[in-house]
Structures are given as C-alpha cells and as structure tokens.
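Supplied in structure tokens, the structure appears directly below.
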C-alpha cells in the first residue's frame, strides 16, 4: 500500500532489532529516517539519515515522520522496568507515533511482544498442533508493565484504525535473537531474517487494516496459531528446531515454564503465595 | 470476600457517581475513605472521612488505601480530553490504585466504560436478543483517549490478578445518569440504584477473580450479553424502557448511531473521509 | 491567499480581543476553531467550535490547526508576568503555533505588541508627521519579558517564512480597548473595529510573506510610520482624536512618558539610578 | 569598565571555545569562575575554580556570579537541536545570566552567532567591499532554533541595557575553529586568538552599552561591515585567506551557498518546494 | 538593626496572619512588598505594593527581595498536607527566602510553628511554672510533614547564620487566631496584636543572630519557657486566660491531649497500636 | 529486633560504603535487596539481588522494601551539591524510605553525617576527653545543603518514631574511607570494618527507638561523646591513631580547622567577611 518512493521512519534504530532492520532494509534500497534516544552505533547507510530524538517529544516525532509512508515503531523501553520508567517512552511515545501516522496517512508496523499475552498458559508440549495454539484474537493478558505498554499500543492501533483509518501491523515478537538461547525459544524464536522479511512485507502489503501477526519463525513447537500473515503475504523461512539439542535442557522456574511469557511471568509472581483464591481462575 | 469491618476507599468521591455511591453505601453502614482532587461537596457521612488527593501522587494513594478491604476506583478524567490530560490521572492513577490494592490484598471495583469497547457496531435494532449481543470477552475497541485509558486499566486489572491475585470487577458503565437522555440510552442506561447495588455486590461477593460486568440496567434494548454478573450475584432491577416515549426521537449523527460508543466514536471521526480502504474491515 | 472555505484557528479566544474577533469574524461567516486555556465565556457562534487547550501541549495545538487555512494567534500571557510564567505559553506556544502553520501551509496572524519595540523614544509631540515616526524595520527593543516573548515570536515568524515559506502578519498592537484611557493612547489606540478589519484583511490578502503592521487606528498623534499595510490592503477607519479632551490630562511617570511602551518601560526601571553610564546610549 | 580585581564568570567552560578562553584569560592573570553542565576536561588553572551547574538552575547561576565583574556567556546548546532541547539551556539560561548580571552590575559578553542573522543573502563574491556587507543593525533573520535562541538572547541584552543599564557585548561568531574547513569559512572564520583578544577587549573596555561585534578574523572575503568594535578597541589580527587554496573547493548545497548561515539554512529548507509564493520576498 | 527606610518583604501576605501583619505594619509606616500565590484580598495600603509569585520560582523571589532589609516569611502551606504538596512551597521556598536574605544581607523573621516540636509531652497541668516548661533549645520533634518543613526551615536559618551571618528570628507560633477556640489554646494562643508587635520587634532589634522565640501570648498555662525574647525586646501583652470559661471544656482525643502539638500529633497516630515497643521511649 | 530471616534493603548499594556493606553483610549470610540509581559494579552476592531505582520514585522504593525487616539507607547525593540537586534524592528520598519502613514495620539504619552538626566548634585539641565532647543530643547545626538534608532525615526518623513507632538508628558518619587522609580524620575516621559491625549491630539490636550513634572508630582525638551505642551493643575496634604520623601535617584553612565539619564549613563561608555582627554568637 505504501506509495513507493516514500521514506520510512524507524524508531529505536540504535537497538539490536533496529540495527538489523536498518541493515536489511537499506540494502533493499529503502530510504530510512532513523531515530533513537541513543546515538546510532553504526555507519548510517546511504540514502538514510539519523536524528536523535526522545519519544516524549511529540512535536519532534511528528516532524521526523513528515513525508514518510510508514513508521516502524521499535523504540521505547524494551525490557521490564519500573512503571514510571516505561510510561513516557512507551505510553506517551505510542501516542506520538500514532498521531504522526494519522497526519501522514502512514502505516504503522509495531514491535509488539508476546508479553502482551504472556499470561496465557503454554499449550501442552507436543499438543501445539492440535488446536491448543493461541489465536491472534485471544484476550490480552500482559505479564509486566512492559507487556502492558505493548498491549496498550496495540489498542491504540485499534483505535486509530477504527476512528481514523490508520493501518497498522502488530508483530507480537517472541524472542528475536541471533539464535535460540533456551528451551522456550524453541517455541518463540524469531530469526533476524524472518523479522526483516516480515517488516518489509508489512510495509508493502496492499491493505492491512489493524492486523496482528505472531513474531515467530517456522518453529514446530510454536505456541501460536491463526493470525493475519496472509494479509501481508509473509511466511517464516527459518526454524528454531535445528538448535534443539543445544538448548533443550535449559528450563526456567515452574511458573515461567507454565506461561507463554516465560521469565516475565514469574518475576515478582505472588498470586499463589498471597491469594488462597489463586485456584479459582477465569474460564 | 472482603473481610468484614474493613473500610473501603472510594476515589472520585466528589463526582456524580461518587456522591451517589457515598450516600448509598454509607447508608448501609460502610466506613468509606473518600478521596478526590476536588473538595467533597456534600456533608461527609458519619463513619466516613474525606481526604483530598491527586491520583498522580502514588505514595499518598497507597497510604489512603491502608487497611481498606476494597477500592472503588471511580476517579480520574471522566470524559474525552487531550491525551496529556488523561495520562496522569487515568493511566498513572490506575497503577497507583492497583499497587495499593496489591499491598492491601484489597479488591478493586473499577468504573470502566462502554467506551473501552465503543467501536463495536450496535446490534441491529430489534435483534439484540438473538445472539447479536456483545459478550464480555469481546475484543477491546476503545473509541477515545478516555476509552483507551479505561481499556488499559482493565488490562492492568488482568495483570494484577494473573500475577498477584488481586481480584477486580470491571464495570463497563453504559450511561449512568438520573434518567435516560436520548434513544441510545434506552440500551445503555444504568440507574444510580442499579449501580450502587452492583458495586455493593462486587465488594461483598465471595470470589471474583478478574471479572467484567456490563453496567446497564435491565433494558430490553441493551447491546450487551454474557458477563460475570453471576459471580457477584447481581441483577439489575430498573429499566430504561419506561422513558422510551420521552427520548426515542433523540438520535445522533450517522457514525454515532452505528457504534456502541455513540458520540465518542463520531467525535473527530475521519476513517471514511481519509481512507479509501475504510471499506475493508476486520472480520 | 487562504483557500476559501477553510476554517481558521483562533488562540486566546476567551480573552477580550479573542471575543471581539470571534463575534466579528463569525458574523462574516467564517468557520472558527476557537481555543483557550480558559472556558469560552460567550455562546459559541454557529459554524464555530470551541476546544479548551494549553498552548504548552504541542500535539494538541497541531491537531486543532488541522485543515485550517490560517491561525490567528492571540493566546498566551497578555501582560507582564515573571519570566517563568511567560515562558511556556508565549515562547513554547509560539513554536507550537508555527509548527502547526507549517504543517497546514496556513498563514499566521500574530497579536504582536508595541512592547516588542517599547524602548524606542516617543517622537517629540507635534513632530510625529515629520519623519520622526518609527518604521516597521526598526530595531526590536522589548520593554518587558512579555515584550521579549512578542519579539521572539516575530522572529520565529521571520524564520518560518525564510525557511519554510510560512506567511505571517505581525500586528504590533498599540492599545486595543473599547476606547482610549490616557493621553498615550491618543497615539496608540486601536479600535476593536479596526482590529477586526485588519485581521480579516491579513487573512484574505493574496500574499503577505513576513509582514509587520502597526496596530493603531488613524490617530494623528501616532508614533508609527511605514509598514506593510498595503500588502494586506488595510487602512484604519477610526481615530483616538475625538477622545482627546477626555484623556489628555492623564499622564504617566517621566520614564513612561519618554518611551513608546509607556508604563511597561518604567515598571522596575533602574537604568539611570543604577548605572552612571546611562547617559551613554546607542546612536 | 570592569572594576579590576573582580573575578569573571565563564559559562560553557568545558566546550572548545570555553577551554580556549580559560587558557588564554587565565594566562593573563584573570581569576575565572568556570562552570558547565559537563565536567571540565583540563586542569583548572591557578586562581580559577570550576563548579558544575545547569543553566536551568537560576538560583545557582546567580550565586556563581556573585562578586563577578563580567559574565562570559558561552554556555548552552551550541548546535541545532530540537526546540525543546534548546529551550531550557539557551532561553531560560539567558534569563538567568542576565538576572545575575543585573544583580552584580556585571557586564555580559555573549557568544552570539551568525545564525541569528543567517538568512541574509551572502554578498556577491568579490563585491563584499562595495557596500554589500551586512551592518550590525541589520534585521535579525535566524536560520534555526539555535539561531532563534541567539537572537532572543541579544534582545534580552538590549532589554537589560534599556531597562537596567546592564552593559553587554554580543559577538556574532562566524566559525571559530582551529582553522577554516570550507570555502564559506574564508568569510566567516574567527581564529581562537582573535576571539580571546576580542573577549578580553570586551571586558576591559571603559563603556560598551549594548554592542554588537561581528566575530570574524580579518578575512578579505568577510560578509560583515560596520559594528561596535571601536567601542571595545578591538581589531582582528588573523585572516582566513592563507587557507584559501586548501578549502576553496569545499562548497555546500545551493541553498547553503546563497545564505550567510550556510548549512544551517539549508537543513530542512522547504520554502521553495512548498510555497509557490517563495518567489515573493521582502524588500 | 535593619537600616531604616528599607522596605520589608512579606510572603504569605494573603493569608490570615499576613493580612493582619500588613494592616499593622503599614499603619506604622512600613513600606511592604507583599507577595503570595493567591491574590491579595484587601486594598493594598499606601506605600506598599503586591506582586503575585510562587515560592517555587526562586529567581522571582530573589528579585522581590531586592533592596529589602527584612523578609517576613509567612508563606507556604500552613496546615498538614501530603508530603509532595508541602515540599515545593515550604522546603524549596525556604531555600529561596534564605538565598534572598543572604543576597540582601536582610534579616529573616520566620513563622515557625509549635508543630516543629509538637511531639514533646505537655507539662502536667498546673506544673508549667515549675521547671516543666520547654526551652527554646529543646530537641526538634515535628508532628507532621508540615511540622517537618518548619523544623527544616529553622535549621536552614541556623545554617545561613553559621555560614553567612544571615540573622533570623524563628517564631514558634502556637495558635494565632482572633481568640482561643479550645482548652489547648489556653496554653498556645497568640493574639494578633502580640504577633504584630513581636514581628516588629524582631525586625527592629539591633542584633538577633539565630534566635528562637515562642509565639504565645502571656498565658499562665503556657507550655513554654526560655527563649530569645530579650534579644528582640518583646513581651506579650495579651492573655488567653480571660477566655478560659468559654473553652475550658473543649478537649481533644487522648493522644492530642498528651502532646504539645495537639490534633496534629494524633492525626494518623499509630505508634501504640502498631508497635509493642511503644512503651520504650527516649529519655 | 528484626525478625530473623527477613531480607534487608540497602539503598546506595553502588557507592563505596554500599559496596563495603554488601560484601560484609552478605558474608554473614544476610539476604540483601540492593538498589541504586547507578548499576552495581560488583558481582551480586548469592542470596542477594540488585534492582536499579531512583529514590524519587516512591512507589518503586516502597515495593523494593516489601518483606524487608530493615532498610539501610545509604543512598542519595553524598557530597555538597546545589540545593536543587540534593532536594529530590535526599529530601524526597528520605520520605520514601520512611514510608516504606512504616509499611513494613521495618527498622531504618540511616547514613547520617557529621555535616548535620558540622558548625559546632571542635573541642580544644587535647581536651576532648574533658567534657568538651559533643553529645548526641546537641543542637543540629548543618554546614551545607547536604548536611541540611541529613539533619532533615534525622528529624523525619524522629517523627516516624514518635508518630508511628518506626525504629531508626542514625549514624552520624565522620569520615569513612580506607584510611585517614588528613589530621581532621584522626578525630573523625570510621573504618569500613567498624562501620559494617555497627550497621549489623543496629539491625539486630532488640530495641532502638530513635537512636543516634557517632560514626567514628575508637579515635583518641574524637570530638564526640555520649550517644546510643549501648542500645545497639556496639563498640569500635579500630583507631585512627596509628595513622597520625602520616597525616598529622595535613591541615585545612582556618575556618575548616575551627569547626567539626571541616572543609564543608569553609566552602563559601562568608559570615565574618559579610557580617560585622559575626562576632555576636549564640551562647
């Protein structure tokens, strides 16, 4: 859909995923406007420019987005932090990104996270294929302040689509690292290559409305089922499975092994200890 | 569930619903800790006390909640306002309320809103009874920054239940006024009496986990179906229907008549005007 | 120049000049977007709407300006106040207004002030006509923090014209009140009618670049000479002279009688008392 | 004028110009109070002291200035940055510096910049000597938010002189680097030695009122004409001309070559692209 | 000590004590600079002027104090409030007042409070005269966040005297109202007349260093003994005793009756309830 | 008193004293919750965890303290800085620490400082043993903004003990470094080992109420006398005396040699220079 020739704004450009995207998309000839609160650590590719900015500074974010056909929103706090630390860059920042997109009639591709739904139980191992997988339209069940900010931003995308027709693709990223690091990532791993192809597809697809796509490679052990990948015409090409032997023995604590969000769910977990009513759960 | 004898904290005590709740619950002998950023305009009932506080001031909110068995969270911005105006009292305020509840092992009863799901289409008139009603576990589709803050607070309740066992009842209030004021309120009206009975039920029910209850009286034209009212043992007793003749002719603009959120959905609505893709919608 | 049919944003709508403009321009059939940090005290004219906003909230100001063909910037602190009080609404506010104008390719009509040049000496009385008048391209000589903010905003207009082609008309308002109140206003008075006609002319003129117009009626005793009134096709129609008998005896202190800015120049004036070098002045 | 024996406050001491001034002035036996928001990277010369401070903290700035006979204001943001980044240190900071000077009856020497007038066209090459040069009393035409802050601070100096008799010298620095780096600097270069001699002259001159001096060495290709250098008794001794062969070929883009501010004027320049009225210019 | 003819700055001018002082001191011919964050509700007496200011705005406070020979610091939050509400006006404000005093070599007369020492036990009734009274150099024992801010400001006065020779008189005001309102005020009452005479004495005394004076009228039941009243040459003339019959029966709760601070000590008091070690107390 | 098995919160963990305490207390098997605004530079000992937090963020501080039996408050600004820099971490931070302690019924061990009483004169050398020593209940006489914040925090401890039964031990640390560095430290030095033993004693003592202990080793030249060390059952084991030869010749300026606070008292000292009344001192 994005009118060709338009530049694309990338927030969070100085992070690991931002750097990988910069490299991959610039190599395709995209003109990127890169921004981050931290300096860009690499050489800025030809045809791209970098400007340092704070996601809290809305007027500046709106200006950076001018003329852009899409915004790849990978900026903000990217791990669990105190609520106050998350609030500015992730909640206020989301608003600034969507206002920018509305002004530009630009599409948003948002680095959402499995932590927006992290408190769903994992499907029984080996049963993932039998209808136990989680579909995109499941209830949001954030597992952290970070996850709450991701869920909030997805809802902001919903709102801007419903009210203003701003299209957006929300990638619920599992674990995007050079390679899987523990057993859970056999389910959640997303290779950098698959990520970059997905982002490119999300930008160039003809129409996406408000879409949700699971951000995982073609992992046989994936927890996740239906989503809008057909809308953007993307299929993963990599798989975590070849790394099984290396990481299979790396398990977390019992709580983190029960829920999809892993260690984010068990960090500070007190439900069972504190609440005798913990055995009563929602259907 | 609330251990008897414990006081109950009420935020937003100086607002219309807060005042109605104060009157009704104090009459039942509840000891209320009343708070608001504005002075309390009525006489403080015996057994209750009022302390002025800002929902942005977390340490003070936590202190007000000390020893309380439940928090009735009716405070914050209660209509659509600019994002920055909503952010502090509603988003940060929600965090403070839930931290307080976690500390006290108190239950939260939250004045959520139909505007958290306002962009769902209304059921065809006359068809509400035939499976076209919206159930509590529908997708969140906020219609405003205000609605986004309500959706966010519901998710925060979900999170505090999942991680910390903090019970919470989220009342998606339709239109709570002395009486219905337009045709839409034939579906969405919630009488003050039904509201007060619902809040009392939500506090005294033995176990509620994370619950969602539609905040409407027994209106034949209601848009809303299944919810957790059985968990709290509440049924509405009033109905908007007797007011039909008086308000039936009061319709809104076409957009507001299409969606459940009414005027909040059409305020600033630009999807169709701006986006030729407006005809493409999510299933 | 303003494309016809476009609405016009008016900041400071709830002030005296804002209310006069609202009345006069709405009567011409203009569709006004009115805004102020204070509520609008009158009935909002048909075809107009009012939204409360803080000039510090840039993203909201940008949004209010959407689709507008012109911004009449009459908002902010309108008298001398401590620097910190002036900074937000007047300095930051000016930036937000100009960013909005750039985004909309809208023209700005700015309520500048004689206090941006208030430290120029008055021409000798009776000599105003003989080349002693001050021309628009005189040096800026602000007489207060308020005047500094006005001068700054004029320069911001210069910058946005030079860099971005944002047209702007800066009205250096003398004294705009229902009628002259002292002898100085025989020179500086601007009738509400002349003001409203000038603003209308400034909006509808075909091209204005960066213009400066003295905001005074056709006063024989005016201090001010050449400006860009021809660009906007405006001439004053009222005059302070008929009020001479009533106010001629109302003089200020010696310092305020010496300088164009009147009482703003003598408030806190310490040059002569503190500095023996006060007799040395710039040519 | 400065009473001898009084110390001199230097803001921005840790920057390149601040360090050069510290070295040169301490060598003359001046007692300097050095301050910056960043640590001072060199050894603090004997008779001097360094205190870290934020220009936003007015009470601290006023205290640092106590007993000083002059303030060399070289602090603040020194390149183009987003408006919000510039606002605190440069606009609020200017106020704090001038309040300090008023309190101390100290003289201010301000590192203004050619970017306060950067949108004046360059004189035709080779014609600089023929009346085409720009005089100190030209219109302010800032080319950036940075330049706007410099123009604002000059006006604040004007105001504090007019109202309070605070003397100030505003050096409109061209390009102060170890040596010229491109063709434009053949006109704008100011050697460190010339800068340091000028600052010393500005402090020790008997009376300066509100003065403006072009901050360029004795460059044959200079754009700049009349100023107040005679008041401070300074003449440049260095020249950019010997570097001509080395840098003559280094040209900027067409916009930056047209205006005095160079690259600051073309950064983000959109007048011609956006505005068909761009051909209409002020006389 | 205050050089005669110098004006005197009064903060908190719009409060009850501020208004009483304004009236009394203006009647003595003092030239007062009045300030408050709220408008001054009375006519400004001749020879005085009022400027609205926030105690948080240090540079403005310093400016208001210019040329003043004394600062009567009666501003800030004057009852118990949440910590965050007290912090700005009372803690930061104290710093601004003392910096102003240091700059002006002005004397500070501070409205301290018995709540700075409120947790001292009351002397046994009838035994006040027998050595059971509290002397000025007792330990500080604040009874509230308000009281802590008063104690802090006394210490700031101690510091500015020790380091900078700023003289200050700290009046530990008991209860300054038109007349006593309960039994405790038979001990703590300070008539407006006694207050005004004390303030006048504190300003005009030849030398005061850092002094503490109990702010109570000549009440037989006073809790308080030695202080520095001789330094300022003041003796109370009024007494609470004539009001005994009217108020003797008005007692507070047991905790408030035990401590000097009265109701401030019992508000939120939890020592005995929470701490079994409450019986262990400091000698 | 602290119930055994409870973890202990340590603020300022990344500072020199914090690191020494971490090492020593973890070696005793204590479970420490470490926090600081800066990252922890060492390996986190087993049984401990580190979380980065800002003392300004009250809700986070309260959360870190959950379940802790004691709070060792060593965080905040630890040297003299401008008032505004000290205000947040030290004044607001103290409130957050004490609110946390009240909530947890935890004991506070506070790193107070000799700078809270630094303006007391040193006892005549050689006379320290003859009644000239300073006792714990001396007047507070802070010597810096830093010292004021320490005094304020001691008073906050007094208040929380008096009102809420929160026990606290205030260690007025002299000079805690690996070894004494100048002559003054022969009196004020506190070895790391003595510090760690004192902190451990303060936590484990059965009852401490509000206590003050001089933080110095067993130095013959100590300035300090009576305190509450018996309450916590601590005696110093090290002494500065063996270092006498090495440091005896290292004296400060005359002012710093006169007062206990040393260099903090002479920094910016102006009493004698500015105030002819400087010879008048309090008894």
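Order of writing sets the chain letters: A, B, C, D, E and F. Residues in each chain are counted from 1.
Criterion: a contact is a pair of C-beta atoms (placed from the backbone, for glycine too) under 8 Å apart; a residue touches a chain by one contact, two chains touch by 3 or more.
Chain by chain, the UniProt names read as follows: A, B, C, D, E, F = NAD(P)-dependent oxidoreductase.
From a predicted model like this one, the values you see are computed outputs, not experimental measurements.
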Set of chains whose contacts include both chain C and chain A: B, D
For chain B and chain E, chains touching each: C, F
Most distant chain from chain E by Cα centroid: A
Longest centre-to-centre distance from chain D, chain (CA-based): B
Separation of chain B from chain D, taking each centre as the mean of its C-alpha atoms, in whole Å: 58
Distance between chain centroids, defined by C-alpha means - chain A, chain B (Å): 30
Mean-CA-position distance for chain E and chain C (Å): 47
Junction residues of chain D, two or more chains touched: 59, 83-84, 95
Chain pairs in mutual contact under the definition given at the outset: A-B, A-C, A-D, A-F, B-C, B-E, B-F, C-D, C-E, D-E, D-F, E-F
Complex contact set, residues of chain C against chain A: 58-59, 62-63, 66, 95-96, 99, 103
Complex contacts: residues of chain E adjacent to chain C: 53, 57, 59-60
Chain E residues touching chain F - in the complex, by the definition given at the top: 1, 83-84, 87, 91-92, 95, 105, 119, 137, 139-145, 147-148, 151-152, 155-156, 158-159, 161-167, 207, 209-210, 265, 268-272, 274-275, 277-278, 280-282
Touching residues on chain F, where the partner in the complex is chain D: 82-84
